Every structure is written in structure tokens, then in C-alpha cells.
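These notes open a run of structures that come right after.
In the two assemblies presented below, chain A is common to both, partnered first by chain B and then by chain C.
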Partner chain A sequence: MSEAKEQITQAAALALIAELFSEAPEGVVPEATRETLLGWDSMGTLLLMAELDERFGVSLDDAGLDEMESIGDIINFMGQQGIIVD
Partner chain B sequence: MSTDAQLKRLTTVFAKQFRLTPDILNASLIRASTEHIKDVSHMRRLVFKDEIQAEDEQYLQWRYFSRGAGDEPSNLWVFRYQGNIIGAVGTDPTEISVNGQPINAVRCMDAIIHPDYDGKGLGAWMNLKLQAMFDIVIAVGANDNSIGMLHKLFKPMPIRQSFKYPIRFDNYFRARLKPPLLAQIAAYIPNLYLAVRLAIFHKRSHLPKDYQLAVNSLNSDIIASLPEASTGLAEISAQRSRDYIRWRYLDNPRNQFRIVTATHHNVVQGYALFCVKFSQGYGRLEGYIMDWGVGDEQHRELILQHLFMTAVVEIKRENAEVANLVLNDSISSNCAKRIGFIWRNTDSRYFVHAQAHIDSKIYDAERWFYSQGETDGI
Partner chain C sequence: MSKVLTTGARLAGVSSCVPAKVFDNQQDTTGFDPDEIKKVVAMAGIRQRKVADDSICSSDLCLKAAKNLLEDLQWEPSSIDALVMVTQTPDYFLPSSACLIHRDLGLSDHCASFDVGLGCSGYPYGLWLGAMMIQTGSAKRALILHGETPSRFTHPDDRATYLLFGDAGSATAIEASSSNEQWGFCLHSDGSGYSDLIIEGGGFRNRSPENDRDHFLNMHGANLFNFTVKRVPTLINDTLELTEKAVADVDAFIFHQSNKFIMHHIAKKCALPTAKVPIILDRFGNSGGPSVPLTLTQTYLDKQITEPQTLMLLGYGVGLSWSSALLQLHSDIRLNHCEL
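On to the complex of A and B.
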């Protein structure tokens, strides 16, 4: 597991994603998908990429984006990159 | 954060996704040449399937390659990656009149991302690029996929009010009653009522002295007689120059438009442009009043009522079942209601972004004139 510049809890990660997607926090749960979260759009994706890169030093490439179909997938990715600590 | 700062920040990150440098990423968005039309149309069909008409390449040629690009090849932008076009957006140049001062602007429309790259930030990045390039960007034609993103990147306005003038109920009853004879009988009374109502409106209201109305197919001579000015019905509006009207409505390959003119001593003081087309969704002919303008400030509401009314009569003559009117300003709204247009709904699928040096009153929705002609659908 790589060492991110900063580490946050899973709850904080979910709150961060909600903010980036302009979604109500209660809707941003691991089961939520691109289809159920209207804010997970092109701009939301750009902002997520920027936050991951600038704040955590983690790049998200095309292949990584292809694998993200749910919020849970994003959380898993952040965990694998060492961003999320329990 | 300013638009430029936001764009620079996101370009750096976005470039990494494509394993490009920011400079190469920026250079990947170019104005299309005619050789790109086929690929763009193919991409449009991939996404929108049967919604894209058979003559789509002809439409793209007219919309983006036939006016207003100056020395540039076109007003259609394409994003190329690994030799393929994976994104495109059109920019329709216009002038927005704010306090009588013209400001260069573009309407962006026909935005499309290849399905393999959808949802990965390209659409948002292209919009940010346009916002950095042009003083005012107006996003029209939002669909369910793009509307959320547009709410984040732009300010939603003007508020689009949709009005309808029911003309006949044949199709309505045909869809609900069997056999057809029963539907025909059921439609008779409401059709008669509507016809009488229209006739009463027409008879009661008189044009100002020395005014005459005429209805014609749109042609160069009539366009040459139109006022070379904006509508004057609201403080902020896109300019409707003669060149624009010629391109938008006479050169338009998708529809045939007609025009009602109100003249005073042989000078055109007002006009309304309309067309009739078949609605696939409703299975009937529908009329659309697309654009209008009135120069006579003293009599403008009375003239506009007559222009709208005459357009409805002509739409009825072409066997349409309803006339549609989409607008924003209070003057046009009041005139439409007075002659019997019924308000149906209000939405906001028209978005504006202006650079920081533009007067912030541009974000005041109530100051805008807006018509269906602003959009890309007809």
C-alpha cells in the first residue's frame, strides 16, 4: 500500500466525496452509483481527480476511472492508495 | 477561484489521466475542419441513435461551417486523442446586447462525448476551456446527462417559460377514444370553441393606425426589410441581425420558416418567425413561434399580440394542432397570455457564464429576452 501525503477516515472520505459531487452527505454511501448520484458527473469526476492529486498525491488514470462504478469503488481505491485509515 | 485558475488546476490533473502534458492536452481541442464532420456525426449517432436525423452532416455543415468563424475553419470544436475524435462541442457566435453595448458571446450546443470517455471529466473540461476563451458563454440544449454539470459550471437563466395555444383536439381524442368516429365527434365541440375563441380575439383587437400585417415565406427581400436591431423587449438579448436571421432561418436545412411582418408606412416595425413540423413525441403537427421583434415602443404590445395571433392563425391553416411559444421576458409573456396562450411549465435549461469583467447584471434572469430560436432543436 502506497503512502499518501495525507490520510483521513472513511467517514471523512465520504463527506469529501459528497462535497466534491455537490451531493447531500446522507446520499453518499458505498452502495451509491453513478446512476443514483446525479452529482457524480463530468465536473464531479474532475474535482475528485484534482483533490486526489493535490491533497493526497494520488493520480487517477483512465483505467482507474473505468473501474469506479460505485462510491464503494472510490473508497476501495482510496484505501488501496493509503489515503483511508480506520 | 477564477475561471482561469480553475482551468489551469484541472488541466494539470486532467492531462495526467490521458498521460499527456497540459500543453498537449490544450492543443488537443481544436476547431474542426470539414474532414471531421463525418466522425462527429458518427459519434452523435452512437450516443443519440435515432434522435439524430439522416441529414446530420448537412446540419453540422450549416450550423458550424457556414458563418461567423472569421479566418477560422469553423465554430465546431473537437477533442482529438490518439488519432480519434472523442469529444465535440459547437459554438454559435452572437452578440449579447447589455445596456445597449454589444459583447461578443457564444452559445455552446451539440456537446457530445464518445461513450467510452463519458463521465471522465472531458465534458466539464471543454466547457471550462470555452469559458476561458469567450467573454460570455451561453449553454443551451441541456439534457438529463449534462444538466447537473451545467448547474455547477454556469448560472441557470433565463427561466424558460413554455406556452401552448391549443388549436384542435383531434389527435388528443383519437388517442383516447375508439372508434375514430367517436373521437371525431368528441373533438367537434372543443375544436369549434377554439376556432370561435381565436376568431373573437382576432376581431376584437385592432392594429394601430396605418399598420398592416403580411404573411410570407421567408426570403432575402423580406430579410433585407427587417430592422437591423435587437428586439428591445428586454434589457439583455442576443442580437438578431439580418445576417443572423438569414443564416438561422432562411439557410436552415431542417425547416421551412414563414414570417409575419407588421409594417407602418411600408417600414417593418415588427416581425414573428414561425414554422410547422411534425412532433414525433406527440404524433401530430405542431407550430413553433421561434423569434420575434418589435421596433415601435409606443405600440409594441399591441403589435406583438397581433404578430403572435396571426402566427397562430397561419399555424392553424397548416393543420397543426397546437402552437408553441417559449419565452422569458414579461412583455412577450403578457402579450401571449392576452391572446390565449396557456402557460405550461417553467424550467431552466439555459445557462450563462460571463467572465469577471462583464457587468454582473447579466446574471439577472428577469433582464433577458429569450426565444426558442436560441436553442439547437429546430
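On to the complex of A and C.
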């Protein structure tokens, strides 16, 4: 597992994603998808990438983005990068 | 060696030229969802673009810029020893666009004229070539042209690219000088990222692709974002270190106008004051490497330069390739801008 610059809880990660995607927190759950979240668009993706870079020192490439279909996929990625701790 | 200091050259003039035709992303775009357009415009910061129709090539834009500049400088064509055309949108595979411009400017047959196939990083690379030619005595006067028409290689159905690009050409005049002024250059490449910004068809790897989309730009945005945020801050710091300067010593950081969000992100990372990072892509679009000299003319054309201005010029993108130049604008520089 990679060592991120900062570590947060899963609940904090979901709240962060809600903020970046300009979505109500209650809608940002692991089952939510690109289709159900209007804020998960090109702007939201760029904001997420910038936050991952600046705050956590983590990069997300095109291949990784293509594989993300749900918020749960984003959370899994953040976990693999050592960002999320329980 | 990727970091070098040169002496013996002065920047005599910079001229830019853009197409007169304006494309308003929100008013003139059809086929995309209006809300999607609004989001792309907000993210990239591009409201309008200057776009060439099929009759205008990079060489046309550069030629007009060069003619204006030579007239302004009162340089005889026969006095020019080198002509470098930096472009990835040439008129033909062969001959070089530099040779076409050589013909149109009436340059001497003693003038070395050639193309350089670089895009986004092209301007600092072009200046470096000119500076090296001057320093070695290969040339007393060099014209560095940099032009692109990227709006002509984006597919109208591609939401990722169609709204981003504008077109521009430029001409920069460099000549030998007895001044000890140093210019600093940092030049880098990473070919492993070649496919992140690519036109796959039409070249000799695939002359006649079955898929027509292969004649148009394919961009991997996330990879380019990661490349930019990884490489450009280091580039800025390395250039400051090479030239023994601090952020406070630099009057303007002139970025390749790629994307407003990304430029702001990097400026914030490097603690660059917003006032020192001019942004023009809102009204010109991303014109690739020529966006650097275009930003230079747009920033300084209407200003009276009373003290030397220290500029850091930054190019990054296709290749992958990234580069910087640090030099000074003096009060005697000739600047102009026109439309075609």
C-alpha cells in the first residue's frame, strides 16, 4: 500500500467527494454512479484529481479513471493508495 | 545537458497573428448539451477561440507575423541567416513550411531554413535554437517562427477536445549582441507519453486509417494533467535555480495557455502571484506552443517598458515534451499583433 501525504477516514473521504462534486452528502454513497451523480462530470473529475495531487500526493491516470464506475471504486482506489484509514 | 545558459543574443522583436474569425463556445456550438458546454467552458476557461478556416495554415499566420516584424525592425530579408519554423501543423509532409516562408519572405539562399516538429513546448525550444546559433556564430540574425492550427485537427463530435483549441502564428527576431545578458533554458522529453496526445493516422505509421477519427486529435486528459502537475512545478524551480533567481525577480510567468484550472493549480503550487501569470485563453483558446509568444504580445503590447522585464516562458505537452526559457524584454523591443 502506498504512503499518502495525508490520511482520512472513509466517512471523511465520502464527504470530500461530495464537496468536490457539489453533491448533497447523502447522495454520495458507495453505490452511487456517474449516471446518478450529475456532479461527477469532467469538472468534478478534474477537481478530484487536483485534490488527490495537492493534498494526498497521489496521481490518477486515464486507465484508472476509465475503471471507475461508482463512488465505491473511487473509495477503493483511495484505500489502495493509503489515503483511507479506518 | 538539459539546462543551459547562453549569451550573446538579444530579443529584437516578437509578432503574433491570429485568424480574424471568432468562435464563441456557448453561442456557436451545436451538437453538445448546453449544460455540458457550460461546464467545459468554466473548467478550461475558454469562452471564445480564434479559428482558421481550411484556407489558412500555420505558415500563413507566421508569414504575416514575420512580414510585420521585419518591416517594424527595418531588417532586410538578405540579412537573415536562419529561419526556424516550429510547428506540428505543417502545410505539407514535404517540403518544410520553413522553405515556403523562405520563398515568400524573399530570403537569401545563404539562410538556413528548416522545420522543427514540436508543439506545446516549441517556443522555448525554438528560442534555444536561435540563441545557440547566435552564440556559436552560426547566425547574426535569426527568425524563429512558431505556428499551429489545432482547431483544424479536432473532431466536431469529440467533447474532450473540440471546444478547447484556437489557432495562432508568431515570429520572433533574435540577433547577436555585445551584451553579457544571459538567457536560461531547461529542455526535457519523455517519449513514453507519446500516445497521450496523438493524431494516429495520416503519417507513415498508418497512412490511410480505416477509422476517419484517426485523422483527428486523441487526447488522454487525465494523463496530461498528471504530467503537467508533476513536471511543470519542477521545471519552474529548476529554471529559477539555473538562473539564480527567485519568484520575486520574475515579472511574468508566461505559460502555454492549456487550461485555466490547471494553470491556476500549478501557480498555486509554486506560490506564483496571480498578477504574474497572464491568462489569455479565455478569448483566444488553447493555440498550443504559439500561445506563449501570443500571451507575450498581448501582455506587453500596450505597456510602456521602462525597465527590463524578466520573463519565464513555459511550454509543456505533446511528446511528451516540456521546456522553459528565462530572458528579458527591454524597452527597445518591437512588439506587434495582427489578424488574418
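As a convention for this text, the second predicted complex is superposed on the first by the 86 of 86 C-alpha atoms of A that agree within 3 Å, B and C clash if a C-alpha of one lies under 4 Å from a C-alpha of the other, contacts with A are read in each partner's own complex, and residues count from 1 in each chain.
Note that in this section contacts are C-beta pairs under 8 Å (C-beta built on N, C-alpha and C of every residue); 3 or more make two chains touch, one makes a residue touch a chain.
Bear in mind the structure is a predicted one, so any value in this text is a computation, not a measurement.
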{"item": "Which superposed partner A:62 touches (first chain B, second chain C, both, neither)", "value": "both"}
{"item": "In the superposition, chain B vs chain C on chain A residues touched", "value": "B"}
{"item": "Which superposed partner A:34 touches (first chain B, second chain C, both, neither)", "value": "first"}
{"item": "Which superposed partner A:76 touches (first chain B, second chain C, both, neither)", "value": "neither"}
{"item": "Touched partner set for A:22, first chain B, second chain C, both or neither", "value": "first"}
{"item": "Which superposed partner A:46 touches (first chain B, second chain C, both, neither)", "value": "both"}
{"item": "Partner chain in contact with A:10 - chain B first, chain C second, else both or neither", "value": "neither"}
{"item": "Common interface residues of chain A - those touching chain B in one complex and chain C in the other", "value": "41-43, 45-46, 49-50, 53-54, 59-62, 65"}
{"item": "For the chain A and chain C complex, residues of the former touching the latter", "value": "41-43, 45-46, 49-50, 53-54, 59-62, 64-65"}
{"item": "Residues of chain A touching chain B in the complex", "value": "22, 34, 38-47, 49-50, 53-54, 59-62, 65"}
{"item": "Residue numbers on chain B that touch chain A, as the complex places them", "value": "9-10, 12-14, 16-19, 113, 118-125, 145-146, 148-149, 152-153"}
{"item": "Chain A contact footprint on chain C (complex, rising order)", "value": "36, 39-40, 42-43, 160, 196, 220-223, 225-226, 229-230, 261-262, 265, 268-269"}
